[in-house]
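In the part that follows, the structures are each spelled out as structure tokens.
The same subunit A turns up in both complexes below, where it pairs with subunit B and then with subunit C.
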Partner chain A sequence: MTGEIGQLALCLALALSLLTAGAGLSGARPAAGTARSVASAGALGMLVFIALAFGTLTYASVVSDFSIQNVQQNSNTLKPLIYKITGVWGNHEGSMLLWVLVLAIYTAAIVFARRTHERMTSAALGVQGLLAAAFLVFILLTSNPFVRLDPMPFEGAGLNPLLQDFGLAVHPPILYSGYVGLSASFAFAAAALITKERDWVRAARPFMLVAWIALTLGIALGSWWAYYELGWGGFWFWDPVENASLMPWLVGTALLHSALATERTGAFRSWTLLLAIAGFSLSLIGTFLVRSGVLSSVHSFASDPTRGLYILGLIFGAIGGALALFAWRAPSLEEGAAFSPVSRETALLLNNVFLAAATATVFVGTLYPLALDAMTGTKISVGPPYFALTFAPIAVALLVLVPFGPQLAWKRGDARAAIRLLIPALGLAAVAGVALLALTTPRSLAGAGAFALAAWLLAASAIDLWKRKVPSAGAIASALAHAGLAITLIGIAGTTLWRSEALEVLAPGESMYVGEYQLRLDGVAGASGPNYQAARANIAVLRNGTVIAMMHPEKRFFPAEGQETVETAIRTTIFSDLYLALGDHRDQTHWIVRAYVNPVAPLIWLGALVMAIGGFAALWSRLTRRATAPNAIAAPAE
Partner chain B sequence: MAGAGATALVLFALKDNVLYFYSPSDVHTKQVSAGINFRIGGLVAMNSIHHGKGADVSFAVTDGKAEVPVFFHGVLPALFHEGRGVVALGALNDAGVFQASEVLAKHDERYMPPEVVDALKRSGRWKESE
Partner chain C sequence: MEPTDAPRDSTERNRGTGGMKQVLAALFLLLATLPAFAARAPESLADPALEARARTLQKELRCMVCQGESIDESNAQLAADLRALIRERIKAGDSDEQIKQFLVSRYGDFILMKPPFDASTYALWLTPFAALILAAGVAIWVVVRASRAPQRKA
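Take a look at the complex of A and B:
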């Protein structure tokens, strides 16, 4: 019965999404008030039925209804309840259903956020409706989560144990909120082109901020998961799937900055539209890369060529349609007032040039191997050395320039005053660099440079806030976001350049050494969890001969899935992570133990959190300002 | 100008920093030179795993037509078994042994790296039922 309810709900949602698309787009005409009301109602109805379909699948998973193929293939009666729920999106069909659910939530948010610009909002709803329809057809034709199994099996095949983890359970919804959130900016940009509305950025900005915050947190969560779950001690692998999420983030960051100028002075009007289109296009390309099975990773649940072809067609339709609209309408947009070469606008322009270049290097490094394989059959992969050579210098150049932006006025800035103000930051950066060179071993010029750069950013953020006496929420937001970048940079540099690593085969009673620690294997005992058996090591951590902690890295075996995972043990202090992973055993008594000391590793993710808090500050100032002064015309700069 | 700079940077970086993927047959027919990093993929040959001192291990990768011996010092992935798919990253030494710096196995029972499937198909040893 549940399968039929879900199936019916999806079909009704498809009908309503088509209604929303038609009514929304025709509501873009001036005298079409009825169509606009229909579009709003359609959007809300669409959310109700997609939520019903999603709820149905979740229910089927929780009660282990193995008459539904999707549940049978991805669940198991022994699986803990939390993973029965989160396992709903731990497979291709369920994750696509989550995708359209998030899309429907954003669409409903557009309905509720509408205040002014009725025609543009209606057209935006229409575009969202079209996107929802395209994805619903995709789900119904190629990825139906409600396909039946007859006869019904007694037990399910289980969920990939790597995915049975809390960090990974919350990673997809958050990342999707970012990916799909960019659809709202995309829809507003397209709607602005359709209705020739100049003032679209103000309506779209809260959505841009939400999407950017979610992308920031989602990427950080994914990286943190890879760090503690995969057991290699790494936090970023330049894996195509990671790159697929990084590209929308880079373009989303560029969009946030360029939109500031467009909203304030009308500068970069066309460019901002193009970025809004590019941001969501990269989200779609990311979905294609991750979901089509062209890549091998923990994300590619199944490879089915028709799915890849459909998503590819959808990408061409969405990007091609939006670009055609842009080519047709953008020439009629007037650009804003001119600005001098030294101004806030120029700073934002440079920001965008560097972010676009960085995106391009990631794009080439990610897609070139696929293109080469498709055309010549030659299989290559592009690894970290490529990105170290291309992405890193561009990112460094961008970070060096970041502190100047907030110090320059709109239209015409004073370069000398800005430099004078930033001299203390420059001094602090020099001190930090020299101190690092003098105090750390091994001596690393790159590390000293990274810490100097981080000090430069942190000090500049502090100076910016101090200068303003009573800083606006917007100034706090930008200071926090820039400081977050610095914190992440410190974490990345410290972990990459000063990591200690050891790999030994130990018998009980034997010790190994890593960094300042002695690690003594006291034994490995059997243990069991709800749906796995584990080998659990008892490792004493000694410093200067005294035991300071016991750590328990595990190796787990999941019989239902026939799969093993490593559970690392991580001991975080303020200055470093001690990271232990248990390897395979060589005979009954000898085990391989891998240990790392990762200096300042937690800062990588703490920095991302600070950036996201900066994003929340901007969002909060935006929403409260809206509530108190809905008719404010000249909104102050953020 | 920034665009030109970025393009130059990308082209320069791509020239020397891509890793080719070869099957064991490719390694023999293409006469891959020692010292050049690449990825090799295939199945772990039966009865080829030998554990050495400490974390040393040697095994052979096969696509059914050719075999390449591999040496590795480190932790093998959880699903590393004889007869199963494997991808390793490293370079040949002068003796023709592949010195792996990283060994990856498939993520789960149902999944096979696409490169390995392709290598097996080319050597004619791929069965659709696998």
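Take a look at the complex of A and C:
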């Protein structure tokens, strides 16, 4: 029965999404109160039935109902319960179902968040309904998770062991909350164009912030997962799938900044609309890249080329429709107030210049090899060296300028006062750079520069808060987000430039050396988990001849799936990660051991967390202000 | 890329995902009991300067069968073979450039993590800076216009 309930729920959700689309869009007319109520009810009903379908698939996975093909192909009775649940979105069909579930949650949130601007909110619901309908049709036609198997097999094929991990449990839902969250900004932008509502940013901003926070955390979690799961200590690969999540983040960041100016002074009105459209468009393109199978990368576990065409059509429909609407309505948009070349507006514009160029870089670096291959058959690789020469200088230039923005007033800023205020930060940056050059080996000019830049950002954030005596939540948010960038920068530079590594073949009793540590292999024992067998190493970590820790990297073999994974052992101290991975054995007694000392590696993800906390601060200030003074003109972060 | 690489590519990637999982699992268990199953090994050269050259080269070359990893990072057999090949060439006295040339002639530009700068990649290399200049130009235009516009509201 479960399969049929899920199938029926999806069909009903599709009907309700079409109802929401029709009623929502017609509710954009002034005298259509009934249509608006219908759209709200439709949106909530859509959520109920998509949640029911999702719950049904989860139930089928938990009870190992192998009469459902999706469960049979991706689960196994031996799999631990937690991975039976999280495995639901570890495959193509389930992850698309999660995609529409998140979309439905955001749609319902729009219903509950509506306070003013009834017509615009209704149109936004209509756009969300259209998107949901398009994706539900995609699921029902090409990716139905409820297809039956007859006869029913006795056992399931299992889940890719790389995905049987805590990282998988949390990474996709959070990342999707970011990807799909941008749909709300997109929907509000389209609705603003339809209803000619000037004040759309205020309604959309909480959704922008939630999406941005989720993207930040989702990308960081994905990077962290790759770091500990793939076994060679890397944290960012410039893999197309990573790039697919980075592009919406870059545009989302640009959108948050541009929207500040639009909300405050009406500047960049059409540009902000365009960014809202671009952000979600890049989410859709990311979905296309991952789900269509045009890439074969670490992440494209479950993909099917035949689905690509449908998503491509959907992308052209959504982007084309939104851009046509923009081209039609944007010329009638009122221009914002004047501002001087030295002003907060100009600073925010510069932020957008660099973020747009950075996005273009990632875009071309990701898609160029595909396009070249398709057109000429020439295969090239665009790897980290390309991004180091293109993306990195653009990002560095942006970071150098970041501290000036918060010090410039709206409309007309005082450049000299801003520079005077930032002189201590400049001094601290110089000290940090020189200290790094003097104290570290190997001496690295790039590393010293990165630390100086980080010191500049951190000090500027501190100065900004100190200057204000009682900083507003908005100021705290921006200071935290900018400080988070600095922390991540330190982590990236430290790990990349001062990593030590060693690779040795060891027999029990033998030692290897990495950084300040001696690593002694005491033995490798067999171990077994619920659905795997493992070789588990006992490695003593010695410093100055005394054992300070035992570490146990593993190699796991999953019989159901016929695959093996590397389970790294990581010892985190404040200043560095000691990272061990067990390789193959060369004969009965000799094992390959990889060891890395990654200085300040944890800061990479800590910085992202601080950025996200900054986002939460902005969201919190927005929501509380709304509750206390619904009619007050919201003052953006200063 | 030469067609001879294709079959190897697909067998690597499809391992464990097809319908032959049970067979593969059995095969794995059989193989795992044999000594010297893995050929993946530290191939270090005795001379630290030459070894450093090999490590740098490894990071610039792509593992052809694993999508997105350099041969420095990869555990694939092909990557191990290439690592060994690089060291042989270095010992034989080849320059870094000669080694890259040799590998490109064998595998095409695909093996280079850093794409070449030639007619097929001008657009790739120049787009970031063109985008930056274009965006800066638009920004200057916007700022000039906004600073000349009359003050509409306080």
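Observations on the structure shown:
One rule holds in what follows: the second predicted complex is superposed on the first by the 629 of 638 C-alpha atoms of A that agree within 3 Å, B and C clash if a C-alpha of one lies under 4 Å from a C-alpha of the other, contacts with A are read in each partner's own complex, and residues count from 1 in each chain.
Everything below uses one rule, namely that a residue touches a chain if its C-beta (ideal position, glycine included) is under 8 Å from a C-beta of that chain, and two chains touch if they have at least 3 such contacts.
The model shown is predicted, which means the values in this text are computed figures rather than measured ones.
Applying the stated clash criterion after superposition on subunit A shows that subunit B and subunit C collide.
By the touch criterion defined above, A:K555 lies against subunit B but remains apart from subunit C after alignment on the C-alpha atoms of chain A. By the touch criterion defined above, A:T565 reaches subunit B but does not reach subunit C.
With both structures placed on the common chain, the touch criterion links A:G526 to neither subunit B nor subunit C. Of the two partner chains placed by the overlay, subunit B and subunit C both lie in contact with A:V364.
In the superposed model, A:L349 lies in contact with subunit C only, and not with subunit B.
By the document's definition of touching, of the two partners only subunit B reaches A:L162; subunit C does not. In the superposition on chain A, A:P151 makes contact with neither subunit B nor subunit C. When the two structures are aligned on the shared chain, A:P442 is found in touch with neither subunit B nor subunit C.
Counting the residues of subunit A touched by each of subunit B and subunit C gives the higher count for C.
Applying the stated contact rule after C-alpha superposition, one finds that A:P341 touches subunit C and leaves subunit B untouched.
Shared contact residues of subunit A, touching subunit B in one structure and subunit C in the other: 231, 296-298, 353-354, 357, 360-361, 364-365, 368-369, 378-383, 385-386, 389-390, 394, 503-505, 561-564, 583-584, 586, 592.
Here subunit A touches subunit B in the complex through residues 160, 162, 231, 293-294, 296-298, 303, 353-354, 357, 360-361, 364-365, 368-369, 378-383, 385-386, 389-390, 393-394, 503-505, 555, 561-566, 581, 583-584, 586, 592, 594, going by the rule given at the top.
Touching subunit C in their complex are the following residues of subunit A: 157-158, 231-232, 234, 237-240, 267-268, 295-298, 335-341, 345-346, 349-350, 352-354, 356-357, 360-361, 364-365, 368-369, 372, 376, 378-386, 389-391, 394, 503-505, 557, 559-564, 583-588, 592. Only residues 1, 13, 15-16, 21-22, 24-25, 28-29, 32, 35-38, 40-42, 44, 60, 62, 67-70, 73, 75, 108-116, 120-121, 123-125, 127-129, 131-132, 135-136, 138-139, 142-144, 146-153 of subunit C touch subunit A when the two sit together in their complex.
Listing the residues of subunit B that touch subunit A in their complex gives 2-3, 5-6, 9-10, 12-14, 17-21, 39, 51, 54-55, 73-76, 78-79, 107-109, 111, 113-115, 118.
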